[in-house]
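Same chain, two partners: subunit A is paired with subunit B first, then with subunit C.
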Partner chain A sequence: MNLDWLDAFLVSGLFYVMMVIGLALLLHLQLGLARIANFGVVGFWGIGMYAFGVLFVKVDWPFGEVWAFLISVVFGTVVAGLAGLLVGWLIADLDIDGVLVGTLGFATAVWILATTEQDLTGGALGMGGLGFPYDIGSVKANETLWLVILTILVAIILYYVSRVHKSPYGRLLISIGDNEPLARSLGKAPFQTKLWLFAVSSAGMGLLGAMYGVNERFLETGNLGIDITLAAMVGLVLGSTTRMWGAAVGVALTVGLFDVVIQFYLPLPREWYTQAIPVLREMVFGGVLIIVLLFRPYGVLGDMRRDKLMRRMHGG
Partner chain B sequence: MAGDHKDTAFAREPTRDSDGSRPRVRIQDAVKSFAGRVVVDVDDLTLGTHPIEGLIGPNGAGKTTLLRMIMHSISLDRGTVTLSSDGDGSEVVLSDLPAHRMARHGVVKTNQVITDFEKLTILDSLLLSVAKATDEWPYRIYREQGLYEDTVEGILWYLDRFEFEDPLGFAKSAGEKKLLDIIRCLLLKPRVLLLDEPTAGLPDDIRDQLMGLIDEKAAEENMAVVIVEHDLHVIWTMSDYVHFMAEGRVLLQGEPRSIREHDTVIEKYLGSGHV
Partner chain C sequence: MFEAKGIRSGYSGVTVIRDVDLSVEREVFAVLGANGAGKTTLLATLARLIPLMGGEIWFNGRDVTKLRPWETAALGLAYVPQEKGIFADLTVLENLQVGAMIGTRSREERVDEIIELFPDLGELRTQMAGTLSGGESRMLACGRALMQDPKILLLDEPTAGLSPIYVDVFFEKIREIHKTRDVTIVLAEQNAAKALEIADRVMVLNLGEASEVLDAAELTTEKLKEGYRI
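Moving on, here comes the complex of A and B:
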């Protein structure tokens, strides 16, 4: 397949945008519906990425690489889910401050572990040896196919989230986020609900992390900073924390605009890319977050409209 | 205050006999303090020996705190709360259970202060109430239609009787929110229903209709009802038995007439002009 028309940087940029949309969608379930402000997104994403990478690279698999790859992806996803279960258990009964500190602390713990553990992760030096589970030709072709696979995965996440909105489970999440004591008085179990929510959404974040690791072919602890969490959080808040499309619209307007349009299409000086742009990006994202919270707290798309949804589902 | 009301639709002749199969809540040696001040101190109190019981007392008597202790939405400093039923011989120590398990055992309480899910519509709220835990697993993303079809009849039964401006929209007035709170609880099919000031904020006609319905359910569905209410007309006309609380203790128990005319109740609560 001739992909000369496609720029490798654009593929890489779109991969990042798509991945952040996936993370923001999962964060939407936590923050938008159940009102749990998870500031440790990168921790779950990173633990999935490293668990996958370590198993895939360090284990001498007796069978074919594709199977080793799939088992490692499942392992990374499950480990991230279990981490979500553990963190969920720790923070489920805490107030907003406690959740903030707990999730940030978890993300920091993952970063420290990945940095200081030399044998498994390669520490600060990083770890190579990852690759695509297929080879269809050029690097660009492989990366493009991986982007397509990621896009399908994010579309599945989007579909799942849209079904959650229309399901009793979504209603349960909203009720717990809205008025937990009242939900409890109706026999709902907030603790277990949050636990499962964290397990499922963290597993999804871990899977996205593993996919990112494959795309990069090299794991480095520099990826485990605040960037990923901030990108997902800012995108979601800008779009709308409570509406499903808020994640896609918000991330497109922030990460998409900055990491693809501005960096790819604007003729910026080459030396800016190493130092100035990453710093400027975090500043812009932080500024957007403050401005949105001050002037449009429900985001560009506004608050969720359960009345419209109920009329559509049960109004006939 | 009582005496100001004309006769209402739910007014009837008390008192009905107790039914041994009716579930009962027994509170033993239960104490709750806030900042060193004892708010509730109950030696031995059984609720539910009669279909409808009133729990009255002046402000600060500890009525709402006692109901919240039963629901375990606040913890007890000491003591036990037990749910028992001669009908099936079951006995459950409610004070050992987390708050969300109360509804599963059929013990349900309405809220004194108007409270609602701001992001859920009226229908949402009612569907939430009737949904079982098995309907709400993360993987049951296609369950909504089935849940709706299984439960809509029961929900419409209430919506036909009590008019909401827009059942597919949000509860707007305080009255609608109060009514919704009570219907949510009734949809749980409670065995013991604790009503904490159920008529506050309700228009008179809705109040009468609702209390009439609760009276019917108590009789027909073997439900034990406990009403905390400052509108004493509701207490005198609905209750089969009345408990009088003051300063955290249950001071008197008896039929409405005897409580209403008791010197202690007049002195501590009603005032001499009431009788």
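Moving on, here comes the complex of A and C:
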């Protein structure tokens, strides 16, 4: 396949945008529906990435690379899900301060583990040896196919989120987020509901982490900073925490605008890319967020419109 | 039968309800009392939303003292709080649907029954619950609780703050719910006159302590004044 027309930077930038959209969609389930402010997104993403990487690189698999890859991906996803279960169990009954501290603490713990467990993770030096489970020719072709696979995965997440919105489970999540004391009298346990939500969405975040690790071919602890969490959180808040498409719109307007359009297509001096842009990016993210929240407090798309959804589903 | 034996409860170590006994079966049971008498605390305790400090609660011969609120709800106990009895972020229809998380009958069948009982809710079905008026919210809260097909319905001052027309309509609805759906109702109410119109038996609560339980017809003005500390 001739991909000369395709810019390698564009593929890499779109991969990052698509991954953050996936994370923001999963965060939307937690924050937008159940009102759980998870500030440790990078922790679940990172633990999935490292669990996958360690198993794939460090274990001498007796069977083919594709199987080793698949097993490692499943392992990374399950480990992230189990971490979600543990963290969810700790924070499910806490107020917003407790959730903030608990999730941030978890993300920090993952970073410390990845840095100190050098035998497993390579520590600050990083860990190589990762690669695509296929080879269809050039690096660019492999990366483009990986972007397509990620896009399909994010589309599946989007479909899942839309199903949740229309399901009794979604209504229960909104009920819990809206009025938990009343939701306790509905006959379903809010604690278990939140725990399940946290486990499933964290597993999804871990899967996206594993996907990212493959794309980068190298795991480094520098990825485990607050950037990923901020990108997903700012994008979601900017688009609308409570609306499904808020994640996609918000991330496209922030990460998409900066990490694709400005970084790759604006004719800026070369030194800007290494020095000014990263700082400018955070400043503009913050500035845009303040402006949007001042004039559109519920984000660009506005607040949840369950009434419209109901009219579509039931008429009237 | 729903029975509370010597229950005590409160908040942060402060006892509000003191040794209250109560036993209800297939009736409208009114809990009367002035502001601060402990009516809301009593009903929230019976709904298991406030932990017990002492005593026992039995439901149809089963000790439910240690059960959690969703477990007693699953057994057939529904609760309508005085405030915040609806989910503002959901539509009217969705509020009714979340009420049907338990039970085996079809959700649609139950929604139709509730809309027959409260026709106004039918017209508002796609409206966000947070935009409803006070009276409409109370109807929805009551409808949401009835969607659980409860055997016992705990109603905490359902007409507080409503206009007189709504109050009359609401008390009629409570009577109708009890008669047509065979639901035992425990009604906490300040409006003694209206409550006594529909109640079979009555208990006056005063600073967390209960008076003797009487037939509604036996409650004299003197006993009521004593309970209300007038």
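Here are a few things to note about the model shown:
Note that in this section the second predicted complex is superposed on the first by the 309 of 316 C-alpha atoms of A that agree within 3 Å, B and C clash if a C-alpha of one lies under 4 Å from a C-alpha of the other, contacts with A are read in each partner's own complex, and residues count from 1 in each chain.
Note that a contact is a pair of C-beta atoms (placed from the backbone, for glycine too) under 8 Å apart; a residue touches a chain by one contact, two chains touch by 3 or more.
Keep in mind the model is a prediction, meaning the values are calculated, not measured.
Taken together through their common subunit A, the two structures put subunit B and subunit C in a clash. Contacts of A:160 after superposition: subunit B is touched, whereas subunit C is not reached.
Within the superposed three-chain model, A:186 lies in touch with subunit B and with subunit C [touch as defined at top]. Once the two complexes are overlaid on the shared chain, A:294 sits clear of subunit B and of subunit C alike. Once the two complexes are overlaid on the shared chain, A:266 sits clear of subunit B and of subunit C alike. Between subunit B and subunit C, more residues of subunit A are touched by B. Within subunit A, the residues touched by subunit B in the first complex and by subunit C in the second are 168, 171-172, 174-175, 177-179, 181-190, 242, 304, 306-307, 310-311, 314. Interface residues of subunit A, counted against subunit B in their complex, comprise 160, 163-164, 166-169, 171-172, 174-175, 177-179, 181-190, 193, 196-197, 200, 242, 303-304, 306-307, 310-311, 313-315.
The part of subunit A that touches subunit C in the complex is made up of residues 168, 171-172, 174-175, 177-179, 181-190, 242, 304, 306-307, 310-311, 314, 316.
The touching residues of subunit B, counted against subunit A in their complex, run 71, 73, 98-104, 108-109, 111, 115-121, 123-124, 127-129, 131, 133, 135-138, 140-145, 147-148, 166, 168-170, 184, 188.
Against subunit A, in their complex, subunit C makes its touches with residues 47, 49, 68-70, 73-74, 78-79, 81, 84-91, 93-94, 97-99, 101-102, 125-128, 148.
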